[in-house]
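These notes open a run of structures that come right after.
Presented sequentially are two complexes of subunit A, the first with subunit B as partner and the second with subunit C.
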Partner chain A sequence: MGIVIVDGKEVEIGAHERLNGIQVAARAGIEIPHYCWHPGLSVVASCRMCLVEVGTRDPKTGQIVMLPKLMPACNTQAKDGTVFVTNSEKVARARAMVEEDLLLRHPIDCPICDKAGECRLQDYHFKFGQSERRAEIRPFTSRKRDIGDVFLFVDRCIMCTRCVRFTREITGTSELLVVNRGAHEEIDVLPELPLNNKLSGNVVDLCPVGALADKDFLYKQRVWYLRRHPSVCVLCATGCAIWVEENQDRVYRIKPRENPFVNRWWICNDGRYSYPVIHHPNRLRGAWQRQNGNVSSINWAGAIGQMVDKVQQARQPALCLSPFLTNEEAYLACRWIKQLHPQSTTALGPIPRQGEDERFPGGFVISGEKCPNRLGVEGVAYWFEQPPLRFNDLLARTAEGHFDVIVVLGGYIKPWIDAEQADALRRATALIVADVFPTPLSDRADLIFGMAFFAEREGSYVNRQHRLQWSARAIRPPFGSRCLGSVFWELGGMSGLYQPREVLAEIARTIPYFSAASGEIPECGVDLRVNQLAEQTVSTGQ
Partner chain B sequence: MKPDSSEIRWVDESPLNMGERSYLPLFWDGLTTTFRHLIGPKLTVQFPEERHQFPDPLIYRGVHRLNRDEQGRVKCVACFLCATACPAHCIDIVAGPSPWPDREKYPVVFNIDMLRCIFCGMCEEACPVDAIELTSLYDLSGKSREEMIFDKEKLLSIYDQTKDQEPPGWLRGKREIEDLIELPQDDQDLTQDK
Partner chain C sequence: MESFEPVLLANIQKPDSHTLRAYEASGGYATLRRVLKELSPAEVVEEVRISGLRGRGGAGFPTGLKWSFLPADHPGPIYFCVNADESEPGTFCNRILLELDPHQVLEGTIISAYATRATTAYVYLRYEYPLAYRRLSEAIREAYQAGYLGKNILGTGLDLDMYIHRGAGAYICGEETGLIESIEGKRAWPRTKPPFPAVEGLFRKPTVVNNVETLACVRHIMERGAEWFRSIGVPPDPNDPRDPGSFGPKLFCVSGHVNRPGCFEAPLGIPCRRLIEEYAGGVRGGRRAKAVVPGGLSTGLLSADELDTPMDFAGPIKAGCLGLGTGGVIVLDETYPIIDFLHNSCRFFAHESCGQCTPCREGTAWALQIVERIKAGRGRLVDLDLLLEIADNIGIIPGTTICGLADGAAWPIKTAIRKFRGELEDYIKRTNPKGWRSTRPVPAFSLEKTDQANSMRTPVA
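Moving on to the complex of A and B:
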């Protein structure tokens, strides 16, 4: 244990904690402005924005001795007895000088800069800069350079080198580098070696100013129009924590959300640029029935009634759950079909895989399993059926004529079933499909439901490390589509609006695998194995 | 406070005297006003045959226009500050990378819903490049709601129509500076290629 003093406030730090001045000050609720320091990258202390007064307290006499010069807080280790002063006149003057220096060579093109509104330079200038400009420099606009996955606005750069360190330390690709010296320093790439890697979008988030701009988001929206909602990426089993940023029910971009246990500060480009799939024109919007080969649109209430009738009158129904469902949807669907028809069978949909896990030097992993919730859906299905039917067994037994009514809950992003498999399932007398996109299966189904997609529904996912994370609803589903959770909530006889948190609480009460998820789910999620680990330690201790 | 409170002083109207009861002074007062307006200068403008003349058309807040720059391109840089400032949310902009090498961003679509607009002039206040301005045109009408959504071309044509009578803000500012201050020879280019 140690005591660090920040602006007269005492902050306790653990014996093995390695914190710098910025982190300790944040713990005391004091913000130290910084550009070049990032918790996930190495320290260079080059921006000089975090200069503070540093001193030490003698443990015996209690006398405080301050260093004569200002020190960068990012590069100063906080130890027992370290003293930081961040609110003195000297520090304020140093910050104003840094701001003035940065703005000497910064173009005044905030009106057309995509970063305006979330720009560190703007914010810090407002808070710590001086109100008047002493240099007589005419406003100018920035040069723009295409360096691969992103645009570089050369003159907007403040040379914090976060992007350079990111490509060296996290992706290990080292595309970006600093060229020239002194006031002529620039970020650049080598000719014919553009910035091109699977994590390259993160440099845009890292950039504290508008020097690196997302090609996808360029000039789409001003950032102050966007509202962000905490969500979970569904592209792979890593389950990165993300912010879905929308304006008026349209998603404009996806940003990483810090989660030290899953993705830290990063997401991959696949997840970042996955949002157009939400607004894809081919999405199923509505409910349809097929009679004698003719497909006609019907209302949801009628379609749900037909589904209930078909399952009730079935000899042997089967429910197929895709790994794209939330835990709550899977649970409500299983509970509904078991109550309606106790002899029903629960099966698991195919698990999409694509190559091996991709690992980056910074520890980031892109999973080869391209679905968000295999473990969660399996956990739910195992509770209702031991063991649940594999997809191939479902196909084989349907082809044998074992099942007469099949309910398939899809939600896959990519094509997941071929015509041959769909034909095998079509042997059943009634085929009911809920999906996001038309598939060979929906082309053969008797009842088709257009379901809500990942940013449009609330619920929890379990990632490949058994971590359950909560994903909030960002936008409304397109007109005609419905969230499956609310459908089964109504079918389960529950009143009022769909409350996924109540469902999760019920899951945590009933299914032992989910027992750690009872109570409030923190932002970084819950490791579902904590209770099992605790039980193991108890049993081995005995 | 209650009606019977001692702080309340009740005042009664004084009774009318003989002259007031005859109403003749009031008739006289009223007829004087009538005859003064009959004889005096006429203020009513016979719109639409006659049109109102503003003392200063530059400060009137009428239909918007989108100014052009020196090369005749739309001056707007699509910064969305007018749309952000607009209390009626009547400005709809779609931005894009500009097709010109010397400019970075420009409005692909710039629509103003004139039926929603409350002509407050906040957009003009917010504009950092003097691109949107309110003119002195005040009689706008249309046959449908769609017609009253003015697009970029229409707003630019309003500029072409009004630029001679109402010069755009940055030109006015320049003229005022030139009139007011006699700049030394060396610094004159500073204001000129602004």
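Moving on to the complex of A and C:
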């Protein structure tokens, strides 16, 4: 336990906390501007924007002795008795000068720069810069260079070298480097070795100015039109925390959301560029029924009524849950079918896998299991059926004629079922399918529902580390599609709008595996394992 | 002081002074034998500490103190780096030592490596010294053959390997952590401190970096004793408790407008005027000196009134300069325009800034832009204040950059403007009498343009 003084405010730090001046000041609500420092990267202290006055307080006499030098806050460890002064005249002058220096050769092309609106150089200039330009106005150049996965606008670069350190420390691929010297310095790649790795999109987020630009997002949308919503990536079992950024029900980009337990500050390119799937033209929309081989559109109420009738009159119904469902959807669906038909069986959909887990030197993992919520759906299914049926058993037993009505709740991103498997399920007298994309199964189903997708529904997922995270709704589903949660909410006889938080509270009360999820879910999620306390001590001890 | 006898340069006039045979003939390596036989490493460190030897590379940090920062019980290797990346404009004493008496430096290095328990030494040699490279390589080969280097040196069980690492011509590699990064094969960007190299340096192991001349001094301290060393030079100022004094002989490189430029050995504390008049034969052409750079370009300027400044570690500081620096004295005579000095120094530092810290990278380039404009006849009086502010930000508010070389970039600007403001203002008024102010793009500096601009009253559109 120690006390650090920032601009006269006392801040408490823990005994084993290693915080620098920027982090401690943030605790006191004071912003220290910085470019080159990033909590996930090594400290170089080269931008000199975070210069502050540093001193120490004598524990006995309480006397404060300040150092004559300005120190970079990013490289100054906060200890008991450390004093930071961030609002003095001297500090303000140093900051203004650094801002002026950075803007000497920086092209003022904000109107056509993708970063404008979320650019640190802009923000800090307004807060800490000078009002007048004293340097000559020279014609500026704007050179765009294709360095692989991203574009580099060479002249906008302020040489914070975050991107260089990222490729060295986090991905271990070291594609980016600094060439030339002094004011002629540039970020570049070697010939024939472009920036090309699975995490390369992160350098765009790291860039404090508009030097590195996302090829995908470039010139698509001004950032101030975008609203962002906390969400969870559904591409793999890592379950990275993300921001889904949308404007008028159209997602324009996905950005990582800091979660120290899951993805820290990064996401992989697969997740980052996965959003076009939401707006794919092939998506299933609306409710459809197949009669005598003819598919016709019907309204949702009628389709739901048919589904209820079929399940009620079934001899032996089965419910198949995909690992793409949220916990709430899976729970409501299971509860509905058990109430309606107590003999019903719960089965699990296939788990998509692709290769092994990929680990990066910086600790980032891309899971080989390509679904977001296997553990959560299994946890729900186990509560209703011990053990739930595996997908292959479901196929085999349907082929034997064991099940006559089958409800399949899909939501897979990639094709997940082949014609042979679909034929096996078709042996049932009634086949009801909810999915996102047309599959061989939906081509054979009697009732087809177009369901809402990850950014279009609210709910929780459990990742491969048993961490439950909450994902907010970012956009409305396309016209005609519905969120399955709201369908089963109504079928469960509950009134009003679908409230997934209430459902999760009920799950936490009912199912022991989810007991840790009662109460408010923090931004970084909750660990569902029983020994979570021990785990957390271990992880913070590292 | 009259009885001063040169030791560092004692041998360089002898024939074949760079060979082992000549060196041993004049008593070389006897000190090494005696030290290895009779003294423990700690005793060597203590002797150097008592002698008050301060680093000759520019910063003047006490060498014995630097060695004592090494962790006492470090289990792994300790590295020793010899800084022979002598890039400071106006300095060439290391070159003389390495070309004409390399064994003197080797002996000092081996003694110092023994004192610091280092088993590997790297000589970081400036690329532009090809003769020094050949002579030093040859000297190292001879030393290996004679058993002064390698395994079990002189049968005492001491191991030391020595390698030459040639730089690629960057000024920044003379900064100790820049040098370390460069040996590691990286871009020579100085590291942030802490950790200091004595704790975590080359290959993340404790490392000592010493200048060539410092090591040559170590050899003589061990030969003649700390008392001899303390008898030369200037004792500490009793009024300044932080002044450790300036002891020992120093190599001064006098260049510029003098009759006899060259490298001279003199006791520390010799007045600058004596150095110019007695050693370098006075200012060329019977003129007077207008300004003198006391110790390499980055230390700034002494004006003609300040020529009696004692050349010790404290003297130039009192005269408003950065410090003694490397002892590279550059004399400018009364015909030399200060604007040219300003331009030359700004161009050098803008070219050599490593580009890591914003104030130095952008500030040096900006200062050069302004000075070029002034030189081209488009200066304004406010430019001088702006230059001072830029210089302040590059390094005079201490701590604005990672390494100390940014201070060196700022000091010539600061001293030139402070001490020669009248002349610079005259120049601006003469070349730009209407105070014409351009917001138009300024073309890059070139000689033709300058001549044209100097002769014309109204600037070219």
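Definition applied: the second predicted complex is superposed on the first by the 527 of 542 C-alpha atoms of A that agree within 3 Å, B and C clash if a C-alpha of one lies under 4 Å from a C-alpha of the other, contacts with A are read in each partner's own complex, and residues count from 1 in each chain.
FYI, a residue touches a chain if its C-beta (ideal position, glycine included) is under 8 Å from a C-beta of that chain, and two chains touch if they have at least 3 such contacts.
Everything quoted here is computed from the prediction, not taken from an experiment.
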Touched partner set for A:G201, first subunit B, second subunit C, both or neither: neither
Partner chain(s) touched by A:D101 [first = subunit B, second = subunit C, both, neither]: second
Contacts of A:G376 with subunit B and subunit C, given as first, second, both or neither: neither
Subunit B versus subunit C as contact partner of A:G210, first or second or both or neither: neither
Of subunit C and subunit B, partner touching more subunit A residues: C
Subunit B versus subunit C as contact partner of A:P352, first or second or both or neither: neither
Common interface positions of subunit A, toward subunit B and toward subunit C: 138
Contact set on subunit B toward subunit A in their complex: 77-81, 84, 95-97, 104-105, 128-129, 190
Subunit C to subunit A touching residues, read off their complex: 170, 187, 189, 192, 350-359, 361-366, 369, 373, 386, 389, 393, 397-402, 438-439, 441-442
Sites on subunit A touched by subunit B in the complex: 109, 111-112, 138, 141-142, 144, 218-220, 222, 224-225
Subunit C contact footprint on subunit A (complex, rising order): 43-49, 51, 68-72, 75, 90, 93-94, 97-98, 101-102, 104-105, 134-139, 158-159, 178, 180-185
